[in-house]
Structure formats: C-alpha cells, structure tokens
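In the two assemblies presented below, chain A is common to both, partnered first by chain B and then by chain C.
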Partner chain A sequence: MPKNDVAVVGIGQTKFRSKRRDVNIPEMIYEAAKMALDDAKIEPKDIDAIIIGNMDHFEGINFSELWCGIDAAPGYLKPVVKVATGGTTGSSLAICGYYNVASGIYNKVLVIGWEKLNEGGATTGIITAFDPVWERPSLAGALGPLALMANTYAAKYGITPEQAAKVTVKNRSNAANNPFAHLQMPNITVDYVMSSQMISYPLRLHDCCPQSEGACAIIYANEEETKKVTDNPAWIQSVATAHYYTFGTDTIMFDLPSAAIASKEAYRKAGIKDPVKDLDVAEIYEPTSWSELSWTESLGFCKSGEGGKILDEGITQMGGELPVNPSGGVLSTNPIGATALVRVAEAAIQVMGRGGKRQVPDVEKALSMGFGGSLWTEILILGKEPKR
Partner chain B sequence: MSKRKDKEKVFEIKWKTDLPYRYSIGKLAVKFFEELKNNKKILGSKCPKCGKVHFPPRGVCADCLVEMTLDDMVDLSPRGTLAGFTVVNYPFVDPNTGGMRPFPYGYAIFKLDGADTYTMHFLDEIDHTKMRVGQRVEAVFKEERQGNIDDIPYFRIIKEEE
Partner chain C sequence: MDKVAIVGVAQTKYEAEKIDQTYMELVFEVVKKLHNDLGITNDDVGSVITSSNDFNDGRTIANMAIQDAVGTVGKSESRVSGDGAFAYVYAAMRILSGEYDTVMVVSHCKCSEVNQYLVNNTIFDPYYQRHLGLDQISSAGLMANMYMTKYGFTEEQAANVVVKNRKNALNNPYAHLRKEVTLDEVLNSPMMAYPLKELEFPPFSDGAVAMLLTNKELASKFTDNPVWLKGYANCTDAYYLGHRTMTDLIGLELAAKEAYKMAGINDPVKNLDVAEVYDAFSVHELMSYEALGFCNKGEGGKFLDSGETQMGGNIPVNPSGGVLSSNPTMANGLIRLAEVALQIMGKAGKRQIADSKLGLANGMNGICSQGNCVLIFGGE
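The block that comes next holds the complex of A and B.
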C-alpha cells in the first residue's frame, strides 16, 4: 500500500506543433515546467525532485537530463532522474513520480516529458530500440508493426477501414476543442481519412498519429502539501504496469494483452467493477485509429470485436457514457516522450473540471493509458477523491 | 493547415556523422547462422521445461525463466502460415545501413511449422490484394550465403501443393 496519498496539483503543456524551430530543447522544456509551477503557484525551490524523460536516440542525443534537466527543468542542486521507456515514457514518468511521493521519499515532485521529433528520425530511432540482428532488418519503426496489428485484428473480427476512419474523425474533431492539440480538424470526414495515402496497408495517412514537438509537465504533492496549494487536485487512485514479450512478434499481439492485464489490476486497486459505468472519461494511447477500436476492447470497455460498435453507439463520443480522448488523443498529438504524460495531464484536467470546451461534465474518475513499443501498457486512474 | 504569417528565420548548422557499432549476437544465434549458412537449416530453441519452441532461438524461456542451450536447438520447417501482412510505403533511414531503406516492401508476421512463437520477415510481394491471412509462405535461401539474416532475403507466398 502507498504510504501517502498523491495528487496532481499543477499542469503545464506547450502548444504542440510539428516543428518548434523557434526554441531549443531546454527552452521548450522551460515553457511547460514554468506553466506547471505557475499553475500550482509554487516556486522552483518548493520542488524536491525532478523526474524527466524523452527518447534521446530519436533526436540523436544522449544524457539529455544533464543539460536539459538542470536549469530548464529546474533541477539545479536537486535530485534529477531520467526515465526513457519508448511510447510509455510519459506514463512511466508519471508512475515513477507517483512512487516517489507515495513512498514518502519526497513531498513535491515535478515530472516532465518532452520530445522534439523533427530534430531526428523517429522511425530510425524506433528501429534501434529493437534487436539489431533479428528485428531491425525488416522492422519499419512503429507503423509497420501497427499495420500488422490492424491487419490481424481486421481479419479476426471483420473490422472495416470505415470503422477505423470514424476514430480519426472523432479524435481530430475533439482536438479542435483542445487549444494545445497539434492536428485540429473540426470538419474532418470519413471520406477524407479513407482517401488519404496508403502508408502501410491497411493504415492510411490519417489512420496514423502525427509526429509532434512539445513538452508536458505535472506537479505531484502529498496530502499535506496538496492542501496548502489547491482545493481542486486530481488524486492518483491506482497505477499499474504490464510487460509482454521478448521479440515483438512472439505472439499475435493486436489486442495488446498487456492492456487487459494492466487495466484489470488498476480497476481492482481503484475499486472499479464496470469501467464504462464507473469511469467518466478515458484518455487512451491510440497510435492508430485501428488501435483505439481494438484497445478499448482490451481495456474492458466492450466485448472483443465490438470497439467499432461502441463508437457507433456513441458511447466513446463526447456526450457518451464514456468519452474516449476528449483531448484529441494521440491521433492528434504525438510528442513521444510527452505523449503518455499528456494522457495523465488531460485525465487530471478532466477531474479538475478545467477542460473548457473539451470538458466532460461531472468527472469523478478518469483513466489514462500509456502504450510502448515493447507492447507494454501502463494505466493510471485519477479521481476527485484519494482512494483509501 | 494555417499558414504562418511571419516566416520563421532559419539558421541551420549541418553535419553528418558515422556511428559504428558491433553487437554480440549470442551463443544460440552463432549456431543458427552457421547452420543457415552451411546447411540451409532454420533452427529454433525448445524450452527443456515447458517444451515451447521459440523462434528466433534465444537463451532464456520467458515463461519458465529456464536457460536454453545449444542442445535445446531444434530444426524448424522453412514453411509457415501468414497471420498478418503489410506493405511498407514510407521513406526512412535504416539504422543498420545508414542509407534509406528501399520501399515499398512487403513484410509479414507468420508462424513457422514447428514453432510456437510467431516471427516477422520480408515478403516477396508488394500488392496487398494478393495477400491474405492464412496463406502459406516459404523461406527463399540465397545460393551464396554469408551467415546473416540476408541469407533468407524474403519469404514467398506458396500454394500448399508446391
């Protein structure tokens, strides 16, 4: 059991774009860190430790926490820990920061995820994250394997490209309500998605997430410190992590077994019996339109093969019983090291009721999910009350 | 997309770097590539505890945390069954060569006969309408083999009676 209850008390994120050539990495990190500190109305001196992360080899750099985490973060004369776990980097950061406060080691921790993808090659970088002898030769970064997943999923359940396209339409039109989202497309149509270029069958361009630049920061506090800074925190009710494989294709993995395992554990810890009824909103990590259909099934929102059905029934739409990705999700914004932390930040924003046009009414409990290249899943459940 | 009104001033410093690496491939992989080069054989590794046959061969069974040695390597069929496929149709730099990976190319996830895990490799097909889940595939071996994965440049789709 955690020693302390932990809440999100401050949030910062940059406006995500395909390129941020106007700033270097520390300057971009500073924007999110300063915004989170201002949001919590605290000073750098009030922060006990910094947890920072990105995927260095995507930018062709290394040890970036040493030159980006010290002044901009701000980690001067503080403990600075770097976390890098691929797509899950942001959720690993969030869980690592949570552990540091829940354990009683620190009272207040600043967590920062960032990526500046346009400065390197994400596909090339992702390939280097896999076995150099067996996997690299044919691996095509993230989209190739995600295409295989979509293809096996479609073959098993008879899912159509049109059903997948509806996910992009939902998420990118949601993004138009989120001032921080990268791709905001209020008038996007199914035809537009389905007539875009075939990138890797069955994935078309608009079935795929973009590459974004930007940073996200959240501040955690224990119960005592939370009371001092805000009367509207978002409490972490449970966290869970599940890993799955040795080689990426050891199993047929379209349904992301780690998502089922991690979500069940997170639901149990947070006292959630029926996720659709007990959760009010979900910010999931959907790198492609097809993955949202499949993984809402793995998260227990519906039966296998019915991801498209709950979308058509409006359950996962804004105004539905369990809106999925009011922020626009990963299909709209994907700064890799920040992507899963944005899910946590957006879940916190929903719990705090600060979502503006993207706000879901009366959110008591929110789910956030991180997905990583090693086919692992991390879940955080946030709520208006600490789970005790 | 909205046009940015004030054009960003671009100041770039460009350079190009070679970053050579060398990797130890592991005991089982050495045997695998020797057999591939000399005898056109494809070997997997069988867990001495649970009997699961892994391909690619590896030193530890993740289910049992039991070591697999050269004695646990078993012959696999060069044929298998397609579970999923795609045609990669986008440009990127291949970190193993430093140059652009040629595209489009077909690649697939399939299970070799005799293996319990799936694997992925190139397919000799770039028309997705000619592929379907459940098709049979077969390894194509180079005549002049070097002892690396390129000795099987791709799998080809076959009719079972071939």
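The block that comes next holds the complex of A and C.
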C-alpha cells in the first residue's frame, strides 16, 4: 500500500490522426501538455517533474525527452525522465509518474506519451525488438506474433472470425462517440471487417489497429495538492506490471499469462474480488480484435474461451455490465508511445464522469491496461476514492 | 530521508570489445554476481528497474531482451531510457513508496556494437541541428572553447585531469583503460575538436553494473554496512546548445545545490569524503568542480592544481578512474553510484579513500550535461 495517495487531476489529448503534417513533434506534444495544464488549472512553473516517452527508433530520435520535455513542456531546470518500454510505454510512464508522487519526492508531476509515426517507421522499429539470430527471421514485427496468438487461440477454443469482427464493430462504433479517436466508424459492419484485406492469417486489415499520430498527457498530484485544484479527481488505487519470458517460443501463445498475473495483483491491491461486478469500465490494450476476446479472459472478466460469449451477451458493450473500450480502444487509435497512457486517461475521464457521449453511467472504478514487449502487461486501477 | 539503502553492487570488467558476450549475457553476469554476493535468489528481488538505450543496443525495447537475465518472469520491470543514475532514482522511489521492499537496478551498454558518433548525432533534433554533424566530440569542443574564452584554463590543467584519472584507474580492477598516461602524451595526442585532444575523451567500453536497494527495516538482513541515500536532485538544462550558457554547467549546479540542501551539506569540500563525477571529457571535470561548488567559477583548473581532487586530497574525485577510463555510456551514472557505495562500504580495495562517510555521485543525460542528477550517499 502506498505511503502517499496519488490522483489524476488533469488530462490532455490531441485529436489523433494518421498524419499531423501541420505540426512538428514538440508542437504536437505541446497541444496535449497545455490542455492537461489548463484542465488542472496548474501553472507550468508549479509542475515538479516531467516523465515523458516514446520509442527511440520510431522517429529516429535519441534522448527525445531532452528536446520535447524542454520545448513542448515546462521541463527547463526541472527533472525530465524518459521511460520507454514498447507498447507499454504509456502505462510505464503512468506507473513511473505514480511512484514519483507516491514516494513523496514530488507533489505534482506531468506525464506525457507521444508518437509521430509518419516521421519514421513503426514496423521497421518493431522488427529490431526481436533477437537478430533466433527470432528476427521467423517472428518479428507486431502483426506476425499477434496473428500467431490469434491462430492458436482460435484453434484452442473454436473462436470464429465473426466473433473477432464484432470487436472491431463495437470499438469503432464506440470511437464515433469519442472526439479524440482516430478511426470513427459509426456504421461499420461485420461484413465490412470480414471482407477487408487479409494481412496475416487470421488477421484482416480491420482486425488490426491503425497507426496514429498524437500525444496524451496527464497530471498527477498528491492528496494535499489534489484538494487545492479539484473536487473531482481520479485516484490511483493500484498499479501492477508483469513480464514473461523473453523469447516468444518460450511462452504460451494462446492467451496472455502476464495479463492474468498483473490483473490479479492489481485486483488484490485495490480490493477487487469480482472484476465484472467491482469494475464499472475497462480500457484495455487490444492491438487486434482477436486480442480483446482473448485478453478479457486473461483479465478474469470471463472463463477461458468465453471472450466471444461475453461480447455476444453484450457484457462488454456500451450499456453492458462491464463496457470495454468506450473510447474506441486501440483498434480505433494507436499512437504507440501514447496508446497505453490514453487507456489511463480514458479510465480517469470515466471515473471523473467527463466522458460526454462515451460516458458509462456511475463509474466508481475503472481498469486500464497496457500491453507490449515480449507479451507483458501493465494494469492501473483508478477510482473515485483514494485507496488508503 | 534515511530510508533507501544500497546493500550490494556488482560490476563486469569494462572492456573495449566483449566479443564473447551479448548484452543479455553482460546483464546476467552482474545479476548473478549480485545474487551470489548477497546470497539471494530471484525470489528476494521485488522488482527491477533497468537503464538502457535503444540506439546503443540496436534494438527497439532493448529491455525486452534482458527480461530472462534480470529474472522478471511474473514480476515487474521498468526501463529508464537513459543514464543509469536516473534508473537508481526510479528504483529508490519504488522503495520510498512502501510498495516494494527490494528493488534491483541494472544498467548495461555495449558500445562496441554501434557507431557512437552516429548514436550521439541522433540526440540533435532532426529539423535544424542534426545536419550540422554535431556529436559528443564537436559539442564538447564548442563548450571547452567557450569556457576557455570566458574563464581561461591551461592545456596542461585539462590534460592533468586525464593523467589523474588514468592513474587512479590502475587501482580499479574493473576499469577499461588501466595504463598510465603522461602529461606529454595527452598534450601530443591528435587534436579532435579544438582545444580538446584525443586522450581528453573517454574510450568506448562494454560492460554492466547492478545494485540492490532496500528499506530501513530490511537493510541489516543483507549487509552490516548499507549505504543510505542522503540527498537527491535532478535538473535539466535547455536543449539547443544555442540556448545554453555553455561556459557553466547550470543544470548540474542547481541540482548540486538542491541535493546539498537535502543532505545538510554546507561546505562540500569539507563535508564530502569522495566524489565520483561524470567526466565526459577533461575540461568537463574542471567545469564540474565549479558547478558542484568545490571551487569558485572559473577556478576549476586552479583547483585541480591545488591537488585537492587527487587521491589523498581533501575531496578525491574519481578514485575509480572515472568515465575517462571506462565508458559504457548508459551505465556511467550507475557506475559512479556503485563506486561511491563501495567507498562508503569500505570495499573499494586499492582505490579506497580512508574513512569515507559521505560521498557524491552524479549522472548525466544528453550532450554537455543537459540532464543532471546529483546524489549524496552516507554510511550512517
């Protein structure tokens, strides 16, 4: 249990798009940082530290925090630290920012995740994540391993492409309610998803997340500072990270063991016994439609093999018992270094009741998930009340 | 804030080209060494913070490859992208939060596998500065030149930093360059970026370093002489070199002031027993003396001449030989911390400063001391 309670008191996001040709990198980040500062009504000078990240290889910039933390955020003569862990970058930033405040070292911390993928190449970057001798020739990039996971998952539990397509339909329709989302498709159909181009069997184009440009920022404060700036914060109730084996071939490819481990730890710390009952909304990191089905199982929302069933029953739909990804999720918006931070920001928005058309009624507790690296998972649980 | 203790450190030998080991194996070597030294297993480590850099490793998510080596199956690891001293700070925060009893910090770098000039060129923004071909050498030359113009120092004073640190490295079994150099050798080495010569820059090294942190309750379980965090500050200077006051290390100066305040240090030369300073190039150590308040502005050269920073002086700087002797870049800050910890534990062997009770270490990110982290450690 932390010594200091930590709350999200300010949130900023850019509108996510495939290309932001109108701004350069710091200008794009500034939009989100400024919005979070304005939202929290905190002066830039009153921020104690900045935690900022993206992936080095995606834009080809080394020590990007030393540029962007200074020129796009109020980092001059302050601590600026970069955390970068692949797909989980956003959640790792959120967790690092949390410890900056929970430790008692800093009182108000600005956390920023960003990516501007058209200035580099995501797949080129991701390929180098894999071992050059053992893995790169066979299992590299993002979609290959995800297709393998979808395939083994489908084979084990008899999941059909229709069930997967329904996830895209749900999430991209939800995205139509989110003014920041990249792919807003209110009229998308299962047929449309299933007739899209095959990318890597069984993944079709619309089973996959897009590549987006944009930034997301949140501001954390300790209990005392939180009281000064807002009466509607979102408190961090627990954080958890779980890794698994380095090599894909050492791991189980049909579910996500790290999600089961991390979520159990996060539930225990936050006093959650039955996630479907105790949580009111979940923002999960689903790079493909298939992964949402499989990972809702890993997160304990249902039994193994029943991810499709709870979707069909409407449990994870808007209006269901545990809506998953009211924001549209990763299938609608994927600015990699910001993606998992958007999950945290959207969970906070739901707890604060500021979700507009995408708001789930009466949210007390929300889960956010980050996924990345060698199939690892990070969980943050946010709530209306502080944990202590 | 006597709440975070370093209870053990492990280092590889730093070498030019560890051709027989991958970077995962370097990490495994120090983790295994740390486990054996402390008599612990993976189960005794609550979580792990690593420091690395994707450009230096040539791998996106460079920490992905070391999960097996740091033993985090089913556990939490996070990676600070940058110097190891900043990873230590994150790990210390995890202890201070009360959520973890033990946190391991690991940093590695295998400079031999990547062109370090290209890696450093990518620190400069892609729109305006990168095309100028700036890197750590040319920017150091600019800094040294401006410092020389404003305050003045002699070429001998700068060269003597190298002579001192390389001599100290003879006492450090982990150091990369363990060969003394003479003043003449430094002065006569080829010009790299005026006024800095080849031997005034560090080598490129391969290596890794690890340490275990714990809290007040558990420290005595691991060691009789834990090393406590006494002061900390982190300060980032402007990004564009043209926006900086290149004659002074302003970020380091502000960080030092704040860290001294936290540690209750009024007179660093008197209060501190030892300092491991990030000497990115010869003149940089002289400038650091000033920023750290060891002497007045512009008197770095004079302070070196006084002998105070030599072994046996009032504030020996870099008994390990410093970065000028071993330079696995991302690990440099954590090595500074590890060396101060060894001094305070009294385990520094031939490089031991007698009765070291309070020490300073600093880490650096980016070009010419842009990101600065100052840490004060004590034995009591």
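In this text, the second predicted complex is superposed on the first by the 386 of 388 C-alpha atoms of A that agree within 3 Å, B and C clash if a C-alpha of one lies under 4 Å from a C-alpha of the other, contacts with A are read in each partner's own complex, and residues count from 1 in each chain.
One rule holds for everything that comes next: contacts are C-beta pairs under 8 Å (C-beta built on N, C-alpha and C of every residue); 3 or more make two chains touch, one makes a residue touch a chain.
Nothing here was measured: the structure is a model prediction, and the numbers come from that model.
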{"item": "Chain B versus chain C as contact partner of A:121, first or second or both or neither", "value": "first"}
{"item": "Contacts of A:199 with chain B and chain C, given as first, second, both or neither", "value": "first"}
{"item": "First, second, both or neither for A:241, with chain B first and chain C second", "value": "second"}
{"item": "Comparing the two partners chain B and chain C, which touches a greater set of residues in chain A", "value": "C"}
{"item": "Which superposed partner A:53 touches (first chain B, second chain C, both, neither)", "value": "second"}
{"item": "Partner chain in contact with A:190 - chain B first, chain C second, else both or neither", "value": "neither"}
{"item": "Which of chain B and chain C A:76 touches, first, second, both or neither", "value": "second"}
{"item": "Contacts of A:23 with chain B and chain C, given as first, second, both or neither", "value": "neither"}
{"item": "Which superposed partner A:143 touches (first chain B, second chain C, both, neither)", "value": "first"}
{"item": "Set of chain A residues, in rising order, touched by both chain B and chain C", "value": "125, 127-128, 131, 245-247"}
{"item": "Residue ranges of chain A touching chain C (in the complex, touch as defined)", "value": "1-4, 24, 49, 53, 55-63, 65-67, 69-71, 75-86, 92, 95-96, 99-100, 102-105, 119, 125-129, 131, 240-247, 257-258, 261, 372-374, 376"}
{"item": "Chain A partner contacts - residues on chain B that touch it in the complex", "value": "8, 10, 21, 23, 25, 29, 54, 56, 58, 62, 83-90, 92-96, 101, 105, 107-109, 117-122, 128, 132-133, 149-150"}
{"item": "Residues on chain C engaged by chain A in the complex (per definition of touch)", "value": "24, 47, 53-55, 58-61, 63-68, 72-82, 86, 89-90, 92-99, 119-120, 122-123, 125-127, 232, 234-239, 250-251, 254, 365-366, 370-371"}
{"item": "In the complex with chain B, residue positions of chain A that touch it", "value": "21-22, 121, 123-125, 127-128, 131-141, 143-145, 147-149, 151-152, 155, 197-203, 245-252, 254"}
